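The structures considered in this document are given below.
Presented sequentially are two complexes of subunit A, the first with subunit B as partner and the second with subunit C.
Showing the complex of A and B:
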């Protein structure tokens, strides 16, 4: 029986959330987690080769990462559900991988009704029938706590990184934090790693002007968060001495706001009356929030063909006109070049920097 | 010796260079084709500029480069300022037209729109993913119709009934154009239709959602095409200013930026006789296999870039 063997489970690489997933799988559910290799051009080549051409870029990245995970020895793959086309991706990914001849068990969260708590128990039973769902709750919560810490430290990192006078200390503190999270085995590992990172980031004296340039990043769920997919947009901005703010994180989207984005929807009802997709409401709300707080610019990120985010763009244009805040729209595709992005970001930086001096 | 400043703009199709004095007067200027060889084009450009330039009276104390090959050319020329073309165009235009509100720019491979308020760029957009409606499209269609790209404007102005050409996408526009040719539309009307297609494609893509306010300045290589200028004036319902030096605006802008910059390095005209070559290497330190470009002066490696992490950095 396949169930008797301890599963080697994997999930495609997604920003740095792999560490939390690993923690949950290994500590709470007692299965082996196969960490897929870091995303590289090779991953993209693999994904592009076996994907339909017109599918959005995250699909290709995810497929590439799944292939790499299977090559690394995973026997079970998980795929998330989603509110846009993402909801259908699991099925398509499974079919493509089976056609390629891989043998694996595929847990597609789209098959479950994720609004019901009972379904979670079903999923846990399926992953590891020997685990008592009630007993693993504590470790599960620790894993979620890790997600919160990760987002908090990452947010702090991109706000301060550009103003680190040593140029390396901040980066090193962040890297050490990630290492600590990836290697955490128990609650105290998580807590110590977090506290150490928080302390280190705060102890580095920043050379920040009284009114630094502040840029808000909004956009599609995968590309906005995954540094590899957006060609390290946030790091590039930070390196130009910009304070980078991004609301869109796992923590905010799922843990803190989850199904409760109704209040955000009410706040933006003068801009748009309907919910337009998985991240539209939050993005519009946050874009206006940034504008009201006097940010110097907004950057809107989407992968080519992402319909929900295309719908957001006209609303952002209205915000841009109402609040006189420049918005840079970026579309990412497999072919998007680093140089092209650099040109646009440099121009954007020059513009907001010159603007700040005049207005 | 008076100070002078060199600005070089190396684009996909053409290479532009200017030398200006302290008052932004043009001392020497040149416009040549890049022809897929930015290094060769720049060496030729430097030679041509040197011939026009009074070396007894002036010396070049700062150099700026812009355009898609700015980094490569900046390394070769020892530039003190390497700036993206959007900023260069905005700075150049606002220096000569302080009241400008909208800058339209169409080059060989890209097109951009820059919105200006109080002499400062406040918003911009640049075409992504697709080169529809740029100079490359015009020149390939001119070739199809058997005329020189420089003549397009005159042909277009002679037309009284421009042909409707699908403007959404270059590929569709081209098939539609072939169809219209075979249907027997006169050549003048077709060319005027192509010019209209470029203008409407630009306004529907790059200019989408942007408020275009007069005065409007139009520049880049395509601004030399009177047919497109007329199409823009018709579509926008206002006058479109085309500077006689509009094609040099990027080079002028970066020369002005070099002048404003703090770095000073005397420019050596000897580069036109030096041997430069580039080599592409694949970094093998991880599976990303970054393509690293190495630039050599003779046999000496002068710079390298393209790596995404510090493992691929050049070691001396």
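Showing the complex of A and C:
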């Protein structure tokens, strides 16, 4: 039955990672990928309407995005597992969507024991039984490579963007890169797109002072990375001529540290003895790293109700006190306003800029 | 090895309600004195709220209040960490963070803390945790193991007796309402006990969803929610599935804003049919009138539905 029709699969919008997922689904697994519409206020309204009250905000975003994906023609939804509440998203999302009357096939990775390699083969077979898991490995790796490129270019972009004298060249190079990734069909598309972007970013002469203001961004996995969810915080900072640094990316969290972050914990032994949550170790380590490297400020991003990140805050407060580094704590809810954020960021900017002159 | 005059402080919050016998007997067998913080009251909650991040759950605020109450009262304060008991048997991430979080909050005090870690997926089970507790207090593995075995036995016997009591209650005549919530919420004298007291006074028999045979409840929770991964939520889910036919109503009691409850309780209200359900979220309110009004109307609805009014 399932064999007869090619699946139209979709996954909620999440930063710009949709391009890599699309690549993996279409090139490696030979199914159709339905790109959910870009996140908008309407997405949030949809999600909020049908979500439980005090679930964390990404749940609402994801639910809204799933509804939009189903309405855009997806017949199969995929949802990831996770170490915090994310691991339970799938089941509740499915229940809510079914109660609303939507019809679809739901692949919930929480149904599988993701520590076992065998399970991955089961999932691939379920997505497309005709695919030979061994044969699609190359394309799968190319998709992961795309994630690495994406994170690398994005990181570089936010570090330099604020100092582009033309004001548009940097942005255009980045947009062209994203377009190349979203439209890539083969390995050479990915490689060419990456090289072109890298070359262009490097060729633009930057008007950067010797000691620019540097801000480190730490925080919750979804909201810190998804520009829509954090109201383009990084772009806003860059536009104020700030060098923005963020460690938390898919690449760092999963691809490079897939087997636990034991080595990151070594330098923060005095602050925490154990893992305090899925992204806690990395965030604490990076916050201290920024502090030690003399950054001018830290911004901690989380969605309302994110338990692990709330628990990290006392540690960040201690880092802030020890290294005299200002930390701006931001909680994003569905109602967080763009102007409100702009005001807070400007105040934060003024403060760190003044400190830099004084000290 | 009769020893020294060590006193260990146990905050009367969070896991205390689950582990009090286990900890109590363990320390008693080792000859270690324990001191438990007093029952939660307004002062403890206010103190805890001042120490906690605003957005933290009510239970954490209470917990920090209890730790604060124990400062200087003992040599060590016990801060357990429980990450998981195996695959799909996790605790809320807050229980993973608790010892480090607490130490960071209280780092400017001179207080010393004891931790033990249950993280089965990383190879540390409950017994390892207790052996390490013993080691930190200077007891060899033999003494600690003996104390742990005795404590475990006492704990199991007590839990069995409590489950037995629930069985008896479930056969009682009259209105019965199932309380589904974490033990540290339901049993807490300042927040959850109001509910039990009110129900009893109103002539209703309160039953507890979490007081069930644990292994059985874990299996049974799969009927209601196949991917739920929180140990305590699964026990409660199992308990609901077991008792839903025997009770006249279910009250889901949660502390605001409990992470697992926010999702699991939503799922319960969507999947458990045929029994009236009240979703009661407790916050740090000063009066009990609000809760009582809701309970009163819930009981009235049940009585009306059953033709008793």
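The definition used in the following text is that the second predicted complex is superposed on the first by the 358 of 359 C-alpha atoms of A that agree within 3 Å, B and C clash if a C-alpha of one lies under 4 Å from a C-alpha of the other, contacts with A are read in each partner's own complex, and residues count from 1 in each chain.
Going forward, a residue touches a chain if its C-beta (ideal position, glycine included) is under 8 Å from a C-beta of that chain, and two chains touch if they have at least 3 such contacts.
What you see is a predicted model; the values in this text were computed from it and never measured.
Participant: With the two complexes overlaid on their shared chain, look at subunit A and say whether subunit B and subunit C clash or fit.
Facilitator: fit
Participant: Classify the contacts of A:40 with the two partner chains as first (subunit B alone), second (subunit C alone), both, or neither.
Facilitator: A:40 contacts subunit B only, not subunit C.
Participant: Could you say whether A:115 touches subunit B, subunit C, both of them, or neither, answering first, second, both or neither?
Facilitator: second
Participant: Between subunit B and subunit C, what opening angle does the Cα centre of subunit A see in the overlaid model, nearest 10 degrees?
Facilitator: Placing subunit A at the corner, the angle measures out to 80 degrees.
Participant: Based on the superposed arrangement, let me know which partner A:235 touches: subunit B (first), subunit C (second), both, or neither?
Facilitator: Once the two structures are laid over each other on A, A:235 reaches no partner at all.
Participant: Taking the superposition as given, does A:80 touch the first partner, subunit B, the second, subunit C, both, or neither?
Facilitator: So A:80 meets neither subunit B nor subunit C here.
Participant: When the two structures are overlaid on chain A, which partner does A:311 contact: first (subunit B), second (subunit C), both, or neither?
Facilitator: A:311 contacts subunit C only, not subunit B.
Participant: Check whether A:273 is in contact with subunit B, with subunit C, with both or with neither, and answer first, second, both or neither.
Facilitator: A:273: touches subunit C, not subunit B.
Participant: In the superposed arrangement, does subunit B or subunit C reach more residues of subunit A?
Facilitator: Result: the larger residue contact count on subunit A belongs to C.
Participant: Considering only the touch criterion stated at the top, classify A:289 as touching first (subunit B), second (subunit C), both, or neither.
Facilitator: The answer is neither, since A:289 touches no partner chain.
Participant: Taking the superposition as given, does A:53 touch the first partner, subunit B, the second, subunit C, both, or neither?
Facilitator: Only subunit C; A:53 stays clear of subunit B.
Participant: Please provide the least distance in Å between a C-alpha atom of subunit B and a C-alpha atom of subunit C in the combined superposition.
Facilitator: Between subunit B and subunit C, the minimum C-alpha distance equals 5 Å.
Participant: Would you tell me the residues on subunit A in contact with subunit B in one complex that are also in contact with subunit C in the other?
Facilitator: Touching subunit B in the first complex and subunit C in the second, residues 304, 313-314, 317, 331 of subunit A appear in both lists.
Participant: In their shared complex, at which residues does subunit B touch subunit A?
Facilitator: Those residues of subunit B that touch subunit A are 68, 83-87, 90, 118-126, 128-129, 209, 211, 286-290, 308.
Participant: Report the residues of subunit C in contact with subunit A in the complex, numbered from low to high.
Facilitator: Residue list for subunit C touching subunit A: 53, 55-57, 81, 83, 87, 90, 92-94, 96-97, 99-101, 103-105, 107, 115, 117, 119, 225-230, 256-257, 259-260, 262-267, 270-271.
Participant: Can you tell me which positions in subunit A touch subunit C when the two form their complex?
Facilitator: On the subunit A side, the touching residues are 52-56, 59, 83-85, 87-88, 90-92, 95-96, 99, 108, 110-111, 113, 115, 271-278, 280, 304-305, 307-308, 310-315, 317-318, 331.
Participant: Looking at the complex, which residues from subunit A come into contact with subunit B?
Facilitator: 37, 40-42, 232, 304, 313-314, 317, 320-321, 324, 326-327, 329-331, 333, 335-336, 338-340, 343-344, 346-348, 350-351, 354-355, 357-359
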